[in-house]
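Next come the structures, one after another.
Consider the two complexes below, in which chain A is the common component and chain B and chain C are the respective partners.
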Partner chain A sequence: MHIKYKLILPLVFLLSGIMLYPLLFSVWLSLQDYRLTRINDVQFVGFENFGLIATDPSFLNAMGNTISFVVSAVIFELILGLSLALLIQKLVIFRGAVRSILLAPMFITPIAVGLMFRFLLNSEIGVIPFYLLKFGVSIDWFGPELALFSIVIIDVWQWTPFMLLMFLAGLEALPKTPFEAARVDGAGRWLTFCSITLPMLRPVIVVALIIRALDAFKVFEYVFAITRGGPGNSTETIMYYIYQTGFRFFRMGEAAAASILLIIFILVFVILLVNLSRPKVIK
Partner chain B sequence: MLFENRTSRFFGIVAIFIAIILVLFPFFWIFLESIKPPSLGGRPDIWFFEPSWENWSEVVLYSSVPLNILNSFFIALITVVISLICGAPAAYAFSRFRGFKGARYSILAAEMMPPAILILPLFLLLYKLELIDSRIGVITAHLTFVIPVVTWFLIGFFDEVPKDLEDQAMIDGYTRFQAFYKVILPVVRPGLGAAGVFGFVLSWNDLFYSLLLTGAESRTLPVAIAGFWTFRGIELGKMAVAILIAVIPVLILSYSIQKHLIRGIGGSGVKY
Partner chain C sequence: MKKFKLSTAIVAVAWATLSTLQVAQAGEINIIMEEVPDYDIVAKLTDQFTEQNPGITVNFDAMPFDAMRDKILTSSLAPSATYDVIIIDNPWTDEFARAGFLEPLESLISSQDGYAYDDFVPALADISKVDGSIYGVPYYNYALGLIVRQDIFDSKGIAIPKTIEDYMSVVKSLTNGDMYGAAMQPQKGYKIMEEWKNWLYANGGELFDDAGNVIINNQAAVDALNQYIETHGEAAPPNSANWGFDEALRSVSSGKSATMLSYNWMLPALNAKGGMSGDLAGNFTLHEVPGGKSVLGLWSWGITANSDNKDDAWTFISWISSPEVAKQRAIMGGAPVRNSVMNSSEVWEKGYGEAYYSALANILDGSAPLSSGNNAEELIEIVGTELSAAVTGQKSVKEALDAAANGVERAIK
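Let's turn to the complex of A and B:
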């Protein structure tokens, strides 16, 4: 056997056991009526689970919530991250220190972030509503209208640093000559940004967007820490839905079907995003 | 022109300043909460008080948190060691040999896999093997996301090592494997360290798998933190302590790998 196959053998072996096999098991699971409460009475039901899930209003609601969450969080993070990167890049002193401080949130466990903000924004004991009230502003952060938005804010707090990290590296790697040429030609700052920085940063932006969006699809901890899907089901995300179906209602078959639908959705989403972002070739 | 520059610089610095406050304030407030005497716990209007270490001593001496820390540490450590042992040779192969384009993409795909799809089969399999509430079970689950990340991380580092290095070693009589093991690995040691730290942090931070696969014995720190604020009761001060214990080591660790992160996350897929 060629050495190159020997080198990847441990990885292939391990990943087959802990990923490929479970994945196939999951596909099998999605075709069964598999309930944790009746583990010895498992029946093959074909695609019935997929039908059940696809017409389940709470699945569609969870999908809708997740999509609005992902889109709004990622857009906020993109804009904020890019702006901060541009500002920090201009800093002459303290650049390293500022960078380190601003990157901190992305490293800590999301459950801690969720609980911290549950505490900070709580309408009875939270410090933020307390002082907002002194200015006459009364906001119920985790009420029915705002809860999902608050979860978005929390995600933005934790993950804008990721965008910042990517864009700072992207900006640093840009060649200097186009910018000098633009300055010699008397281009303003805004024009330089739109016609040089942004297009040259495009590959980094696309990668950052894809990584962040895929990660945001997995949002679970904030919901688990704060709202448990509520009020009503206004913050139930797809991960939380699958967790509920599988481990609260013990319907493993349906949960597996939902997770497979999720993967298909994500796959389509990534392919679309990659194709849309490919620069058009001009002949 | 000068004026425009000055005002825009001023607003830029103000904006950065605000961002720093927004980032630091939650940490500051949690720290304050952790040293508030329990009688003042959860009071949003108290900023100055006689600090009390009661919450800290309660958590450190009389709660399950030390066990949870040990569990988290042990699980993350083993996960990272296995990931490096399997990931490093594979990453080297992906970086050096042709014909692995598909394999590279499957690593990336594995990295993006939502945990929702793996938790159901993993739970059932571990249940059948009677490994629920065991550290081995959690390690198995954590490997599913740490291995792909570590491998992807390392490809970028191997790509930057010039090929002449192992060619030279092989001329000197090393086999390909010896060249990898004795020449290349030492060169990418910073990469191994950074990937290891990153993988450790990912495992340490995980809630989803640990929540469903652990019980009293193997419970990890994130799951324990979640237990301080449930529908049954709130223990704010202790929660604050546990959060700080979970967060501070990670912040120190990740500070040490900051400059390697970009190469790791971008892998070799992105060339800046």
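Let's turn to the complex of A and C:
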């Protein structure tokens, strides 16, 4: 065997152990009636679990909620993150301090953020509803109309700094010459932003979008800490659905089938996003 | 050398971490507990057990409710149990017993002198019986009762409501300005199911009929849910559609709501001087839920089937649940499960007074478990989700109950 293959063997073994084996085990699980309380009575059921999951209204609802959450949260974070990055780039004084303060939410563990907002926005004991009520504003942040939006706001609060960090690094790495040329040619700020900044920043935006979207698909902690998927199932996300099916109801086969469907969905989503973001080649 | 030290340190840390999960040695029992006030009482009482049984070391692993089910499952699936003694929530009993996780206790109970098993409240003891075997003995009850602000009822000359219709009328009449008649708990899942099922009982409904058919969408259930939604709309605080136990308790203890359906043992906490209710302490009283049949909850002591220390485990369980220790536990604030304890003048005097224990005895007498059977945990979640959807207007009452019935049928297949 060539030395180059020998050198990558340890990594291949490592990845097989920690990624390939669990993935293959999940695929095997998804084809079995595997319940943790009936572990001696595991039966092969083929694709029955996939049929059960695909026709389960709760799964479809959770998938819909998750897609709404991911799209809303990531778009908000993209716009806010880019705006803040552009502002901070122009900042002359306190730039480091402002950047550090804005990055702080990212370093808090999401379950703590969930608990924090659960108490901040709680209609009975929350500080925010208390002061809003003093101005005659009564909002049920975790009511059926706003609960999912509130979860989006919490995610935006925590993860906009990540976008900010990515875009700030991207902006600082851009060459100065095109901007100087545009200024000499008399281009305005908006035209410069649309014609130079955005196109040149596109690779960074795509990477940031993919990372954030993949992360947002995993949203679980806020839902677990605050709403448990309610009211009704208006905030039930796909990860919460899988957690409930697998670890509360012990239906590991169905949970694995739901996970496989999610992996396929995310794979298609990422491929589409990458293809759409490729710059058009001008012949 | 440096590398050797580092690897030694890593192995040591890993070993220390794993050792916390080790199975108990001979003469040692590990007990999983929920972090609730009753656990503190048990932990204090256990000092006496250790004095009387110096050969048995008791290790408690107390944790929040959410973490318990997974831990018990992983312990029970292992060749040797991490936990020799577990506490079992009543919806888990059938599932764990049929999975073979629990040791049958009837021979141990019958051979225990002075244990007085028949002294346990029958409705509580029956929860731990599966297919004729006993898999647990009662630890503490969490039957629901009606807690009211007696001072308000007295000042307005209102009698304690006996039917659900009376209750609806009373709480509506008490709702005025910033004061609300009922602090309700329509939070998705367990909480709304636990509260609404009292309304279902009051209407003569159930989850299943005697033949095992799902009847959660029959007329009784429709009436119960309509009544529940009407009461929530007219007598509960605004923006409370996602309220659970903490919010409802806070509303009552701070004087914003006049009644709540809650665990009977919240009464002493609400009436405690210098406690959560401030100046309102002493004004709360406990009664049977309107309709007379309340939802019953129970934690039981059980021994894991794969425990290596079953004898020591039973020595502890039979001691902590014995009539004498049960009396001490009740006096210290624990929720009673034995008739002799609730009828004891010593407990009345040193505990929370005769009125509380008499009300509790009446509540337990007419109560039934929230859910039982092999998928009880799942059924509670399915029905509780649909109930919440109906309360928040996402589905009509009939749509929600039909969806609940379909979900339950799918789950029990």
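The working rule: the second predicted complex is superposed on the first by the 272 of 283 C-alpha atoms of A that agree within 3 Å, B and C clash if a C-alpha of one lies under 4 Å from a C-alpha of the other, contacts with A are read in each partner's own complex, and residues count from 1 in each chain.
Just so we're on the same page, a contact is a pair of C-beta atoms (placed from the backbone, for glycine too) under 8 Å apart; a residue touches a chain by one contact, two chains touch by 3 or more.
Everything quoted here is computed from the prediction, not taken from an experiment.
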Clash or fit (per the criteria above) of chain B with chain C on chain A: fit
Which superposed partner A:K4 touches (first chain B, second chain C, both, neither): first
Touching partner for A:S123 - first (chain B), second (chain C), both, neither: second
Touching partner for A:M63 - first (chain B), second (chain C), both, neither: neither
Contacts of A:T227 with chain B and chain C, given as first, second, both or neither: second
Touching partner for A:P144 - first (chain B), second (chain C), both, neither: second
Partner chain in contact with A:T37 - chain B first, chain C second, else both or neither: second
Touching partner for A:A182 - first (chain B), second (chain C), both, neither: neither
After the two structures are overlaid on chain A, angle v-u-w for chain B, chain A, chain C in degrees (C-alpha centres, nearest 10): 80
First (chain B), second (chain C), both or neither touched by A:F247: both
First (chain B), second (chain C), both or neither touched by A:V152: neither
Which partner, chain B or chain C, touches more chain A residues: B
Three-chain overlay, closest Cα atoms of chain B and chain C, distance in Å: 5
Set intersection of chain A contacts, chain C complex versus chain B complex: 125, 129, 247
Chain A - residues contacting chain B, complex: 3-4, 6-8, 10-12, 14-15, 18-19, 21-23, 25-26, 29, 83-84, 87-88, 90-91, 98-105, 107-113, 115-120, 125-127, 129-131, 157, 165-166, 169-170, 172-173, 203-204, 207, 211, 214, 217-218, 220-221, 224-225, 238-239, 242-243, 246-247, 252, 255-256, 258-260, 262-263, 266, 270
Of all residues in chain C, those that touch chain A in their complex: 69-70, 73, 77, 95-96, 98-99, 101, 186-189, 237-243, 246-247, 250-251, 375, 377-378, 381, 385-386, 388-395, 403, 407, 410-411
Of all residues in chain A, those that touch chain C in their complex: 36-39, 56-58, 122-125, 129, 138-140, 142-144, 147, 227-234, 236, 244, 247-250
Interfacial residue positions of chain B with respect to chain A in the complex: 9, 12, 15-16, 19-20, 22-24, 26-27, 29-30, 33, 42-45, 82, 85-87, 89-90, 92-94, 96-97, 99-100, 103, 110, 112-125, 140, 143-144, 147-148, 151, 176-177, 180, 201, 204-208, 211-212, 221-222, 225-226, 228-229, 236, 239-240, 243, 246-247, 250-251, 253-255, 258, 261-262, 265-266, 269-270, 272
